[in-house]
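Provided herewith is a single structure, encoded as structure tokens, for subsequent inquiry.
Read from first to last, the chains carry the letters A, B, C and D; within each, the first residue is number 1.
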Amino acid sequence: MGLTIGVDIGGTKIAAGVVDEEGTILETCKVATPPTAEGVVDAIGGAVRTVSAQHPVEAVGIGAAGYVDDKRATVLFAPNIAWRHEALKDKVEQRVGLPVVVENDANAAAWGEYRFGAGQGHDDVVCITLGTGLGGGIVIGGKLHRGRFGVAAEFGHIRVVPDGLLCGCGSQGCWEQYASGRALVRYAQQRAAATPENAEVLLGLGDGTAENIEGRHISQAARAGDPVAVDAFRELARWAGAGLADLASLFDPSAFIVGGGVSDEGDLVLDPIRKSFRRWLVGGQWRPHAQVLAAQLGGEAGLVGAADLARQG
Amino acid sequence: MGLTIGVDIGGTKIAAGVVDEEGTILETCKVATPPTAEGVVDAIGGAVRTVSAQHPVEAVGIGAAGYVDDKRATVLFAPNIAWRHEALKDKVEQRVGLPVVVENDANAAAWGEYRFGAGQGHDDVVCITLGTGLGGGIVIGGKLHRGRFGVAAEFGHIRVVPDGLLCGCGSQGCWEQYASGRALVRYAQQRAAATPENAEVLLGLGDGTAENIEGRHISQAARAGDPVAVDAFRELARWAGAGLADLASLFDPSAFIVGGGVSDEGDLVLDPIRKSFRRWLVGGQWRPHAQVLAAQLGGEAGLVGAADLARQG
Amino acid sequence: MGLTIGVDIGGTKIAAGVVDEEGTILETCKVATPPTAEGVVDAIGGAVRTVSAQHPVEAVGIGAAGYVDDKRATVLFAPNIAWRHEALKDKVEQRVGLPVVVENDANAAAWGEYRFGAGQGHDDVVCITLGTGLGGGIVIGGKLHRGRFGVAAEFGHIRVVPDGLLCGCGSQGCWEQYASGRALVRYAQQRAAATPENAEVLLGLGDGTAENIEGRHISQAARAGDPVAVDAFRELARWAGAGLADLASLFDPSAFIVGGGVSDEGDLVLDPIRKSFRRWLVGGQWRPHAQVLAAQLGGEAGLVGAADLARQG
Amino acid sequence: MGLTIGVDIGGTKIAAGVVDEEGTILETCKVATPPTAEGVVDAIGGAVRTVSAQHPVEAVGIGAAGYVDDKRATVLFAPNIAWRHEALKDKVEQRVGLPVVVENDANAAAWGEYRFGAGQGHDDVVCITLGTGLGGGIVIGGKLHRGRFGVAAEFGHIRVVPDGLLCGCGSQGCWEQYASGRALVRYAQQRAAATPENAEVLLGLGDGTAENIEGRHISQAARAGDPVAVDAFRELARWAGAGLADLASLFDPSAFIVGGGVSDEGDLVLDPIRKSFRRWLVGGQWRPHAQVLAAQLGGEAGLVGAADLARQG
């Protein structure tokens, strides 16, 4: 199969792109995410037609947040869009006249990194995406691990603190409450409020109040050595690395790939995560260690991965 | 291939058995586990020769606690025997003149249950073994998931309580400190010491002291309605079920199989675990639920599974 | 001194009452709590004048949520009213022409129970108030323990779960997130959402949805044996009793008094708390045990206590 | 009253000393702690006679680990000596012919610091002793707070981690498992085992193995900037400071005094504790802050305090 289209449905934007067999994006378009479930289907159809106008495409892969069933056809539940048992594959196929594969967005991103990014050369990789929340994807023996019902790799919602923070999923103590972009901001805000004298750089980048600290301020302040910002990254890394150590006990991959906006900071965040991973890896002196790699495809991993999954059928 | 031998190396006994293609054990022998690493190899050789005297066997599968490498040949580390990078496959092959496969004991038990026990009819199962500690095994798409380095499915040592109980592995808060036979005894002992008036049946089954309460007392007392014994099972189930909910988020199998000595109590322990699993399953109303099944092969699952893995080569 | 006035400033209502030396309320009035800080002062003045019209009163005691300084004059911080370093004593004295004493509301309630309620006959009592949140008060050697700066006995905000639930105070894992009326409702809602089949009575008392379960439903359902409602009370008691055990290690009083709306349920909630207290009391077999008593004055404890503190000057 | 004798009963040594009204020790003697309960009483008698030979003493104060009753006469329970309801006051009075007062050793140390050490000028102080374990003492309004039954201020055994580390007291998650000399060693050993490359200085001070790291190595290595040693102190401070923040919410003293062997390191440990205290203090911007002071009397605080308590009768 030659060219395929990948679609990435985000909370604010829908991106579609034509992707070739090497994972190169030949053309893209982005539209705002409509507020209604039906509007999203329309928008996908429009975006697919736009990018396919000049390219002979053969299939469409869609990455969407939420639970996708084992047939890769129905979105059982989506957190951001009012989809409940939505037959997305059928609806989009009717609109665009091409075979459609639906996949969880973090799974698609993991597949993209495995095929064309940091995971090349590995057969068993586990990816975590540290964005606003925490998503994940698993490749075992060169195959995407979707689980029996299609809902595997929901890393963000394993419980890392009994009776811990409330999560949007209704549970408590979920990993994404402790290792995600949102968590990083909370760490910085709490510390800056308690000890503003250690956050002078950080507070100076915003309006001076702890509650308006943003993620980009924290990165910038950490690079300048601001103690609170450095400490916020260290706390994030404590939880991210400890979780990777657990995933090593469970999956034993040859590599972890850390993606998402937080990973854009590179070694500023990766190095503390690696250190924390080593700290918590059980039996560390008796076993080979998985590598902890930075993702390479940035925000396009999901689109590229979805397109490739569609190619593979 | 016809008959094979399964060997199960326990902390106190080594069991060997001839197993046919249906998982039936035709003959077994048990010997005490020798104290030295070399002695164990000798004992395995002797047991294999004993049970194979009357049967034309073609291969040997060995289940051993610890990390087994990805070639299923070397024990990287064993908790109970002084094996460190022990070339067990080679040593036993030299003694018995048959092809040998080495496997982690909980993996072997999981495979046994998948092939001939509670897992029949499922392609994706996750097994936990609640014995003295907590072991695990994973079957994905009808294949044992060993991980890239052979050390996957070490469920007992994922961290469920940050800064929690010390574990023999050197880490803290490991799941097996909260969900295992040893944990069950601790729960009962602590509660009986604090509120002996609620543990009259339980204390009456032993010498009357909390510190000498044993596992079998707890089962018996729980069946008689002893409040402390019932509460100890409930606490065990809280942790076991919550952990299964996390494993569902990660692996998404169609069934969980609960084995080990604790599971011999059947619904006394399984029902509370099922309830706790439902309580903690993230997104429970939007997804198909895995079944939680009692293991069927009892203490022979590891032996039968190891024999079958040897048959499959 | 003869008659004094107690004022209890709540989030929705301000109550004032004339109280005699035996703690009997002779006359009361209630007004809505005004939205502005200055309005509250006016309302207090008006209420005091109303109830004192027919009685020769000699002083006024005010109980208010928040930090009150060591001179019992200034509210350093109030959670519900925009008071920041508010000179409440001076402002009210100017309006009413009587000596005024300001006290933290939970301290005042504790004093009321000590003098005229469940604490009579004890010299060392620790009170917890399980209302929407969790407040506390301490009497040592017959004296209210206010602390060097006036802000002692803030029980609701000790950390019982590291990295736990967010609290309105900005911290995490505060006791009141786990032991309070609000916590009770959360326990019931979470359990009813996960296992509605165990909450049939409970859900039947409201509109059938877990998110609209209210506190009064839980009490009623628990009395009818609804498993989720019973379990919610048990969870509340786990945390309340464990916290009392810690307070026993710290303060070693002869009695704890449990007040607040949750305690209106009497032994339905007190018995599980007593059991949990015994379960967690360190060194329980070697030491005398404090009693755990239900408060006797209900919602009037704060008003009566404030009046008596004013009498004592 | 003029001169009195203070006796400090430790796990390995018993120290007795003659102390004057200014808290100055005029003469001391130390003997090994005998293995039997009766032997300890004999040894106390001998030591008292030795130091009083040249001094006209009028009373004896004894500090002992464990629960001492409200009459300051009977040791209800001692962790290191086989005392259970031991009438220590009577037995020693019979031997030495002087009035005797028995006090918990950490209480005695707190009193010593309050009267002659870091607590001078304060009326409300809370002391924590970070030795092998964690002890505490409370002075409120210039009086030692003993509690109704004599067993207050057992700070070491408040629960800071639900389901946390086992404690010698039989409970789990006690503060002394996280903030004490023993905890410091554990932090260093765990980190050095996991990441020896970050502990080169630390490991070089002992035999090179993580399990033989001692407390004195950690201090020395931390001063040399060894990352693991520095991190171990930081972890200790996290828990110590968070606990002090809770004690501030409860007791609201004007000063905390940190004593015990760990505090000998001065600002190396005090500064991180102060920082952590500020980080976790609830409502920190609205309230006066207690000072966090280093103890001044070192290992003699208990002896001096016990002598002074005997003087006060």
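Descriptive notes on the structure:
Following the convention adopted for this analysis, contacts are C-beta pairs under 8 Å (C-beta built on N, C-alpha and C of every residue); 3 or more make two chains touch, one makes a residue touch a chain.
Note that the structure is predicted; figures quoted are calculated from it, not measured.
Judged by contacting C-beta pairs, the busier of the interfaces A-D and C-D is C-D.
For chain B, the chain with the farthest CA centroid is C. For the pair chain A and chain C, the distance between mean C-alpha positions equals 45 Å. With centres taken as mean Cα positions, chain D sits 34 Å from chain C.
The distance from the centre of chain A to the centre of chain D, each centre being the mean of the chain's C-alpha atoms, comes to 50 Å. Among the residues of chain A, those in touch with two or more other chains are 161-163, 170, 193, 280. Residues 161-166, 170, 172, 178, 190, 193 of chain B are the ones that touch chain D when the two sit in their complex.
The touching residues of chain B, when paired with chain C in their complex, are 162-163, 191, 193-195, 198, 275, 278-281, 284-285. Residues of chain B that touch chain A in their complex: 67, 76-77, 84, 123-124, 140-141, 143, 145-155, 157-162, 169-171, 174, 242, 245-247, 249-254, 280, 282-283, 286-288, 290.
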